[in-house]
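Two complexes come next, and they have one chain in common, subunit A, joined by subunit B in the first and subunit C in the second.
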Partner chain A sequence: MARKVALVGVGMQKFEFCKTETIEEMIFDVARNALEDARLSKEDIDAVVSGSAVDAFCGIVNSDKVATDGTGGFLKPTMRNSTSGSTAVSTPILGYNHIASGLYDIVMVVCYEKMSENPSAQAVFNTVYDEAYVRPIGLNVPIQCGLEARAYLHRYGLTERQMAKVSVKNRGNAISNPYAQLPMKLTVDDVMASPYLSWPVKLLDTSPVTDGARAVILASEDVARELTDSPVWIRGVGRGADSVWFMGRSNSNLGRLDYAYLAARQAYEMAGIKDPGVEIDYAEVYDPFTFKEMQHCEALGLCPEGGAGKMIDEGVSCKDGALPVNASGGLQGEGNPIGAGMSRLTWCYLQIQGKAGDCQVSKDVSTAVCNAWGGMYQYNAVMVIGRD
Partner chain B sequence: MSKKKPEMTISGQIQVDYQWSVGKAGERFFAELRDHKRIMGARCRTCGRVMVPPRIFCEECFVDTIDWVEVEPKGTLVTFGDCYFSTDGKRLDEPWILGIVRLDGSDGGLIHFIKETKAEDLRIGMPMEIVFNDDRKGHILDISHFRPVKESK
Partner chain C sequence: MVMENRVCIVGLGVVEQNGDTPDFCHKELLFHATRRALDDAGIEREHIGGAITASSDFPEGRSLSNQYTLDSIGGVMKPCDLRLAEDGMHALFAGYLEVMVDPRLFMVVAAVQKPSERAGERNGFHKILTACLDPVYNRPVCNSVRHVESLEAVLAAMDARAYMNRSGVTEEQLARVALKNINNAATASGKPACTVEDVLASPERSWPMRDSTMAKERDAACTLILTSEKMAGKLKKEPVFVSGVGWSSEGSQLAARAHGVSRDTQRAAHQAYRMAGIRRPPEEVDLAEVSDWYAHRELIHAEALGLCAPGETASCIERGIFEHEGPVPVNLSGGLLGKGNSMITSGLLCVAEVARRIRGEADDAPRRKVQVGLAHSWGGFISPTAGVAVLSKW
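What follows is the complex of A and B.
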């Protein structure tokens, strides 16, 4: 029987295009912030879990080695996790496993990415594709997203303007986020007028290249109840993976994320959530591209399948809407340091605690969900957290 | 948005050469492509699914009992993407196009260039065919590109 696990602290820092700090210095900053937030010291931490998606960005092979000291991992059990972009949520799930299993009571989870140390994030991304069948063709991130976005819009009859509204919402929300890299006050027409990368994806449908880190501290039930009167529990976790052979999948429409529906179903079953559209108060949804927020809202059951266009049209996911999504600004507004997309989880926690500052939504938030996506249209990781 | 750079940095590069195996299934696929302009798939004897690209096992049934079958050099456009940037990041005036084509006689498909057409003339679900290169080396670029099937009257 899994033990209950709570979030007891988060460590934030500003997301920026190019930080002067090293990865070790960035990590030390968020780890110390998390310890302060949880009113704990390094000695209280039993084990450390770190996560980053792509070492080639920072050019430090096995970058987990430089995460050791900054996370407080000195002479402690440490472990690094990497599942491409979904590292952002699969890493705190790994931290959860450490405590739910009964192995440890207090675990530091740190996710980081320093993308600026390579002048071309695209050149790094180009190295992730299959060597025999894909890379010689020159597939790149813009077309990769164009292939998927076109299949998605086609399947469900959605539009570029609906995608643009997600960009306006998220970059606008980021204006209230002191840690955000790319707050912008935009109109739908601004987004529509930005240059195409690959139809229907335009420059303002994307997220920036970012340096940043995030930390969360997880604790067992006994410890959490000692530390706080209002623990925030991890109520459900889920993950799913599809075949790497995206062009050869028998379900190869690319418009429907079977693996994300699977991850969400696991997390909701564990949390006892039957109708997420009603029972989830707040969501931080992985939005490296506008259409990814839409696909993920559907897979997470925040709207019906194919209903993400209506959701944004009706303002449901806006900050003052019935089910706010990415009031922090999401990856598009706050920045997208791939693994440190764990920021999605930290903002769910801050919203539940009522500590989200100017990003705080007006409605009461007791249950929130976040997710992350990665691989060759391949992985999703989902976490549901909430108050008693 | 500030794009200040750190005052002190160390420059360097990591350059590593590789030779990647194409694998047991890949050797058969690329040899048939080179020698006979054939596209080979692997049929799972358990579920009957024909995998393209071919593999030595079916990930759904998790068995390695497969039969090699020839599939059609034509099929249906699953999705496509145009791009105004070269893969090394240069802005282009005319987009280039990639597409995924589900090949007839298979449950899978290939991703490749689409040429001899414009993006605005393409639609998901339309019939496409493979154009082979005359000079073939046992490589995915032995296929030149996909193009729309010309309607015969």
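What follows is the complex of A and C.
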């Protein structure tokens, strides 16, 4: 029987275009912040789980191993997860397994990415595809997402202006976030006027290239109750992956993310949530592109399928709305250091604890959901956390 | 008593170079390994509850190399997918955790390595070796080695020298370790046996490292299927229990690592033995498959695993403790020196080999009864980690 697992501390750090610190220094910074937040020392850590998307970004093979000392993982069990963007949530899920299985009591989870070390993140992303069929046509993330966005808008009758509203909301929210890379006060017309990267995805629909790291500390029930009177529990986890051969996915329409629905269903079943639109108080949704926030809101059941346009039109997902989404600014506003998108989870934790500072939403938050999307654009990981 | 929370191996699938599948790509190698594992377990793809792969991007020449093979292992639209950028044995550990969390699952854990896709001297391994070092302190030093192709031999030689100084093991004794493994592999494949003179006559790369005391790369894929004891009871074959697991990492900086010893192996073994309830490894372990990436590493690891007393390795070699007919045979399969080093996949292959022998599927099964076996993996200089798994018949 799986044991209960709590989040007991988070380590934050400012996201930037180009950090001057090495990966080890970045990781040391967030790991220490998390230990201080949890009031623990590195000797208390039983095991370390680290996550980063792709080694080619920083040009170091097994890049977590050059930072073992920085995580406090020296001569301890360490394990590195890597599922591209979804590393952001699949890594804490691996940390959850370390404790839920009964093997460990306190686990440090560190996610990081140093993308500024290479001249083109998108050239790196081209190398994930098979060399015979897909790589030669030059496919990368914006191009694939242009195809997906077009299929999505067409399928549900949504518009580019609705996508633009997500960008305005998230970059505006980031103004209150001290760790944010791209806080901007924009209008929908500003976004609409930005150049196309891959129709219908525009520059201001897209998250930036970022350096950054995040850490969270997970603990078993006994330890969590000793450390705090208000533990935040991991109530549900879910993962789903479709075929990496995207032309042959089980779902022939790129506009619907079947694997994200699968991941969400598992997480909600585990958490005992039947109507996420009502039972979830707050969401940090993975938004590397604006339409991805819309797709993920639907897959997570925060609005009906095809209802994400109405959701943003009516301001439901705004900071003071009925179901705030990405009050931290999301990847659009806070920055997108691929693996360190675990920031989504840290902000859910901070909102539940009431420690989100200027990003704190006005409503009471007791249950929150976050997700991350990645792999070869076919993997989704979902985590539901909440108070007792 | 049938317990839900005991994890066991119910299926094995291995595809090795020079076998019947020489012309396959990554995905195909892993597909065939997985198909064999499913057939071995007597289950089908729809029974798979989750899938885990471990791999490292640079040696594979692609980013997200671990995700690339998802379809090959039946991981499409399964609930427990996990991709690791680790040594292959970590896939076993992650699978172990998954089954402990949800005992109803059949987990596929897999790794594949195809170094033959890489070009150049020793398949360009030295480029990967320098790229795994931190770019500020270690990499510039290593890049300044006069012939960078010899970097691996230089690093291994420093490690070997530190070990020889400490233990008194001689160059000839190292040659005998290599000889044992080469001949173990030769026996298995029916090739003629070598002599110590043959080993010592192979070209020296950086004293005391020779071609014959450094494992050469080869292609391989390995898939294991894990589940709980309860689920295993529904299958035809006897399961092999994973009774202890442990893993650990050495420090980040090359210069700060301990040379000539394996602290990470010691820590990993400590955890695995404690879980398995093993107090006197040489008496309780029937055989071990240990990483022999370099000949001296087999001895370092055997010592760190407690298979011989500290400082006793030299006398163990003289007494033939680790030999084919010795009391604690090490690397009966031939190990990496005998069969070749599949890097990421090697650790998982060790697990498969030990499981196979516990099942009694090896050629010498009638006269060698194996109850408890030990599998060990070491990530080499590219990934300073160690993993230990204790497997048992009951």
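As a working rule, the second predicted complex is superposed on the first by the 387 of 388 C-alpha atoms of A that agree within 3 Å, B and C clash if a C-alpha of one lies under 4 Å from a C-alpha of the other, contacts with A are read in each partner's own complex, and residues count from 1 in each chain.
The rule is short, and it goes like this: contacts are C-beta pairs under 8 Å (C-beta built on N, C-alpha and C of every residue); 3 or more make two chains touch, one makes a residue touch a chain.
Just so it is clear, the model here is predicted, and its values are computed rather than measured.
Contacts of A:Gln122 after superposition on the shared chain: subunit B is touched, whereas subunit C is not. When both complexes are overlaid on chain A, the residue A:Gln181 reaches subunit B alone and has no touch with subunit C.
For subunit A, the partner touching the most residues, choosing from subunit B and subunit C, is C.
In the superposition on chain A, contact is made by A:Met247 with subunit B only, not with subunit C. Of the two partner chains placed by the overlay, only subunit B lies in contact with A:Ala151; subunit C stays clear of it.
By the touch criterion stated above, A:Glu24 is placed in contact with subunit C alone, subunit B being left untouched. Residues 59, 61, 131, 243, 245, 250 of subunit A are contacted both by subunit B in one complex and by subunit C in the other. Within the complex, the subunit A residues that touch subunit B are 16-20, 59, 61, 120, 122-123, 126, 131-134, 136-140, 142-148, 150-151, 154, 181-182, 195-199, 243, 245-250, 252-255. Of all the residues in subunit B, the ones that touch subunit A in their complex are 1-7, 12, 14, 18, 20, 22-23, 26, 30, 49, 51-53, 55, 59-60, 78-89, 95, 98-100, 102, 107-113, 119, 124, 139-141.
Across the complex, subunit A is touched by residues 5, 56-59, 62-64, 66-68, 70-71, 75-86, 90, 93-94, 96-98, 100-102, 128, 131-136, 246-253, 256, 263-264, 267-268, 271, 379, 382-385 of subunit C.
Of all residues in subunit A, only 2, 22, 24, 48, 52-56, 59-62, 64-70, 73-84, 90, 93-94, 97-98, 100-103, 124-125, 127-128, 130-131, 238-245, 250, 258-259, 262, 266, 375-376, 379 touch subunit C in the complex they form.
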